[in-house]
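Input: a single structure, listed below in structure tokens.
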Amino acid sequence: MAAPSAAQLRELALTEEEYHHAVRQLGRAPNELELGMLGALWSEHCSYKTSRRLLSQLSSQAPQVVVGPGENAGVVDLGEGLLCCFKIESHNHPSAIEPVQGAATGVGGILRDVFAMGARPVALLDALRFGELGDPAQRHRFAKVVEGVGFYGNCIGVPTVGGETYFDDAYRGNCLVNAMCVGLVTAPRLLHAVARGVGNPVLLVGADTGRDGIHGATFASVQLDEGAEERRPAVQVGNPFLEKCLMEACLELAGSSALVGLQDCGAAGLTSSCAEMARRGGAGVRLDLDQVARRELGMTPYEVMLSESQERMVLVVERGRVEEVRAVFDRWELRSDVVGEVIAQEELQISSGGQMVARLPLSLLVEGFLPRRPPSSRPLEVERALRAAPLTGGSPWTLEEAWLRLLASPNCSDTSWIYRQYDHQVGDDTVVLPGWDAAVVRLRGRGDGLAVSVDGAHRSSLLDPRRGAQLAVAEAVRNLSCVGARPLALTNCLNFGNPEKEEVMWQLEEAVAGLAEACRQLALPVVSGNVSLYNDLSGDSIPPTPVVGVVGLVGDIRRLPGPGFAAAGDLIYVVGPGGTELGGSELQRLLGGMVLGPPPELDLELERRAAEAVRQLVSEGSARSAHDCSLGGLAVALAECCVAGGLGAVVRVGGQSIPADGGHALLFGEGSGRYVLSVDPAEGGRMEEVCAGWRVPCARLGEVGGDQVEIVGLARIPLAAAAAARLEGIAGAMAGPVL
Amino acid sequence: MTWRCGIAVFPGTWSERDCAHWVELAGGEPVMLWHAERELKGADLVVLPGGFAHGDYLRAGAIARFAPLMAAVRDHALAGGPVLGICNGFQILCEAQLLPGALLRNSCLQFRCQSTHLRVEVGRGPLLSGLEPGTVLRMPISHGEGRYYAPPDQLQELEAGGQVALRYCGPAGELGDEHNPNGSLEHIAGVLNREGNVLGMMPHPERACEPLLGSEDGLQLLRAALAVLGPR
Amino acid sequence: MTLKPVVNDPQGLAVTQGLHALGYSEVLESRVGKHIQLTLTASDRQSAASRVEEMCRRLLCNGVIEDFHFQVAEAGT
Amino acid sequence: MTLKPVVNDPQGLAVTQGLHALGYSEVLESRVGKHIQLTLTASDRQSAASRVEEMCRRLLCNGVIEDFHFQVAEAGT
């Protein structure tokens, strides 16, 4: 084959340098098919060539970790032989092009990652970012993404128990759709994605192979420009029904000794699944493409190898036991075909029409890419922004006005518009429903449960990506503490712009360093994750958006407090450090959007102790309610507790004198590490004692009761007005027809 | 001996395990019935659970009704045996013409998963006669196609014949559009066949079977039904 | 397949509203139904038509809520 | 509105399987799309057609995965 042109290489997301590297390593020029396979596996999406060296800072060392990064999903031990398997993944680019199907297939993909480990998925979560809802195009995209997430999860029967959603102009061109899945498996049924045992057959099961998403992996690795709509790859339409059957069949086989290895067909399709399985098993795979069932006529080997058709799995089966395995798929009315076998040479060999059409060493395919280390630098504007005053023009609003506007901001408001479109209860195990801090899914046959939360903090990240990543981890941990859960492990999705821009590379480096530091200090192993770069439409990068998902254990699910204040007369406490920073806050966004001023300080050691204290208070039953302060600060958290419980409150904050800014920072500052707790008056002493024991600041603010939320001397709003404002945000914006 | 509850499993069914748990809590013995078989395995009561049988792709329940198992369910129903269809099961029973009417896309055009109140309209047949008419139950719904429809003359017949079993209502049993989550005609949440032995309902009683899940009213419904069936 | 005229069609309503919002005020009504394209072998048009009619009655269409009509065309046309 | 020929059509797949299960083995393929019936006022056929074409492009059809075609008929016909 003649050396490919620059344009051809670009199509494959390969550089000239990478091409020459391949030629050198192979000792010959790769043919077109081989080049396509190399391009896909060396894409950022599959190879992590830019981020890999950074990710090595994240540690998965902890006694509870059974499987760390590198497999389909991470696994932690829950005790008594039960394992929890989870991962988060992005589907940003496909969702930008076709929001319903993009989001749906994102959910489908993460589910496959989890059941590929033999685990039954028990919970889904989604982290979403859009532009602001004043824009009809954003309303459309938001509505359709929610529809897509719901469509897949609802149909397959896995509850979507939580998530987070943020609207900010910075995501107008690039929405973010991250999906997380949590599954359970008993130790003997845990599966691995390996191909081993020379002569063992390789099966492809599930959907037929079509021309879907060819170059999808490379597509996610290059910048989307306006013209992308013209040359976009075929959009994939998900088939959750087929996946449901596939899931049941795979889980039925998980305990069988006939199954050697199982892997889903994700990005780069058969190429990556076979190559990675074989690499892990220290073997090779030979595929006969004539055996691959196709949806369309006339598909070339290139198309078959790079097809990203959904709802397919690759299995390696013990020789002689194919019929037994196929019987299970037959029962589920699923197609299964032997398409190849395990070989001793560590190669991927492809034949078609009786001829070998490609042959690549796995060392080259899987690890032979050239690591990238684009230059990075801290942009000057960051320095200036950090030093600026957070509210340059002050606030034109009274405290009451600002308070109600915050409650009515789609970022703080009630999220039921979203989660009531998701079946969040199927399985009968969701004991804390979405809408509050962390969701809790009980573990059958035991008294305990799993708590899960996903969080991100992109505005702080714009000012200081290191801090932003840490704040995201801290927030997820706080959400878990509020349901009395001890965090076990973390998964993360790093959503960034184009790393070839120096400032984006700097953001990525900083964020990963911050993530590593926070996880170390909070003793959270990182067991899985995903990187999504090139979130840039027309040159505008998204803010650095590391999203973290944390899973924890709740000791006794019968003792969980409900959301919000529980009874009039209960005492209200604020627990944790007293920061009131407005840099990157929601109030700042409402006032005009510029991200300025120092982001919240973070003392990770204090954060850890505060989490311990709150966890103890909640799990021993001393706290009757617990909620953390996040967007909108103390005042919004307080109002949320009131609205959720249907009870007012009277509290005092700060000293006697009114601060110079009229109290905005005191009420709406987003200092990290704070919680609002309420306790029975008899438990006030216990509250103070536990906090003192953990050396965590704790202040009594006031009492639950009345029909107003009152901060004495500063502001008060009627409970009904607060409740109405919370419903206004998302539901209000989405009330009209969605075009 | 306890009552044996057969739980139908179609490809795409997802609440069979939830139903089995619920049946056990109510003191029954669950047994799974695979769609491709023709056996009810001695089931006294047949439950068609929720899910998306065959993906609900053509119309919810349209393909499932032809399953071999459904022939056995039909015989059981025609012989007066109790059959309960929940959510997708209700849709299948309508498609199979074991129940009148049809279930259409929710009028809000969105999937809805939320808690609802239901008013028991008639205490008739083996499944409902253990409950007082007027009783208000609380249990969740979870569907995209739950808007009950029957042609005008048939609707009249249903009302007159005591076939309207459950209606969406407020906490005190009051009717109103604000309590109707899907635009069902006359707020109908569940219907009986003429004989009263086949009940279809969109809400999920099996999700309301423990205080931990927020309500036990679904358990109450099944316990009352098993009590009516009497000792086995 | 079209919804019978007496059946409420919220999807059609949403389409109408959407079109009005975009300024297509000339639209009076819209009704949303299904379009199914079957490829099948048959000895002639007539027999194809009678088989398809049967398929519609038995599976494709729910007579309580939907009406159907169909056209037979030879493949390639 | 029909799904573009290269796009995966799970609904069509289910219909085909459903028909096969009922014994209609002559069915080779089915594709499921949408049928929208619009009632609108226009001065003539031509202008109706051009408006509808625009509506399809702007709202009714999802050009990423669907194709559309339409017919104009006078009301009452």
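Chains here go by letter, A, B, C and D, matching the order in which they are written, and residues are numbered from 1 within each.
FYI, a contact is a pair of C-beta atoms (placed from the backbone, for glycine too) under 8 Å apart; a residue touches a chain by one contact, two chains touch by 3 or more.
Quick caveat: nothing in here was measured; it's all calculated off a predicted structure.
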Once you count every C-beta pair in contact for both, which comes out on top, A-D or B-D?
-> A-D
For subunit B paired with subunit D, centre-to-centre distance based on mean C-alpha positions, whole Å | 34
Between subunit C and subunit D, what is the separation of their C-alpha centroids in Å?
-> 9
Please report how many Å separate the Cα centroid of subunit A from that of subunit C, as a whole number.
-> 41
Multi-chain contact sites of subunit C, meaning residues that touch two or more partners | 14, 18, 22, 59-60
Among the residues of subunit A, which are close enough to touch at least two other chains?
-> 239, 241-242, 333, 739
Where subunit B touches two or more other chains simultaneously, the residues are 54-55, 57-58, 62-63, 66
Category of the chain touch graph - line, ring, star, complete, other | complete
Can you name the residues of subunit B that touch subunit A in the complex?
-> 11-12, 14-15, 17-18, 21-22, 50-52, 54-57, 110-114, 140, 142, 144, 204, 206-207, 209-210, 212-213
Which positions of subunit C touch subunit A when the two form their complex?
-> 14, 17-18, 21-22
In the complex formed with subunit A, which residues of subunit D make contact?
-> 3-4, 6-10, 13-14, 17, 59, 62, 64-65
Any idea which subunit B residues touch subunit C in the complex?
-> 58-59, 62-63, 66, 94-95, 101-102, 104-109, 147, 149-152, 183
Using the touch rule from the top, collect the residues of subunit D that touch subunit C in their complex.
-> 1-2, 12, 15, 18-19, 22, 24, 26-42, 51, 55, 58-60
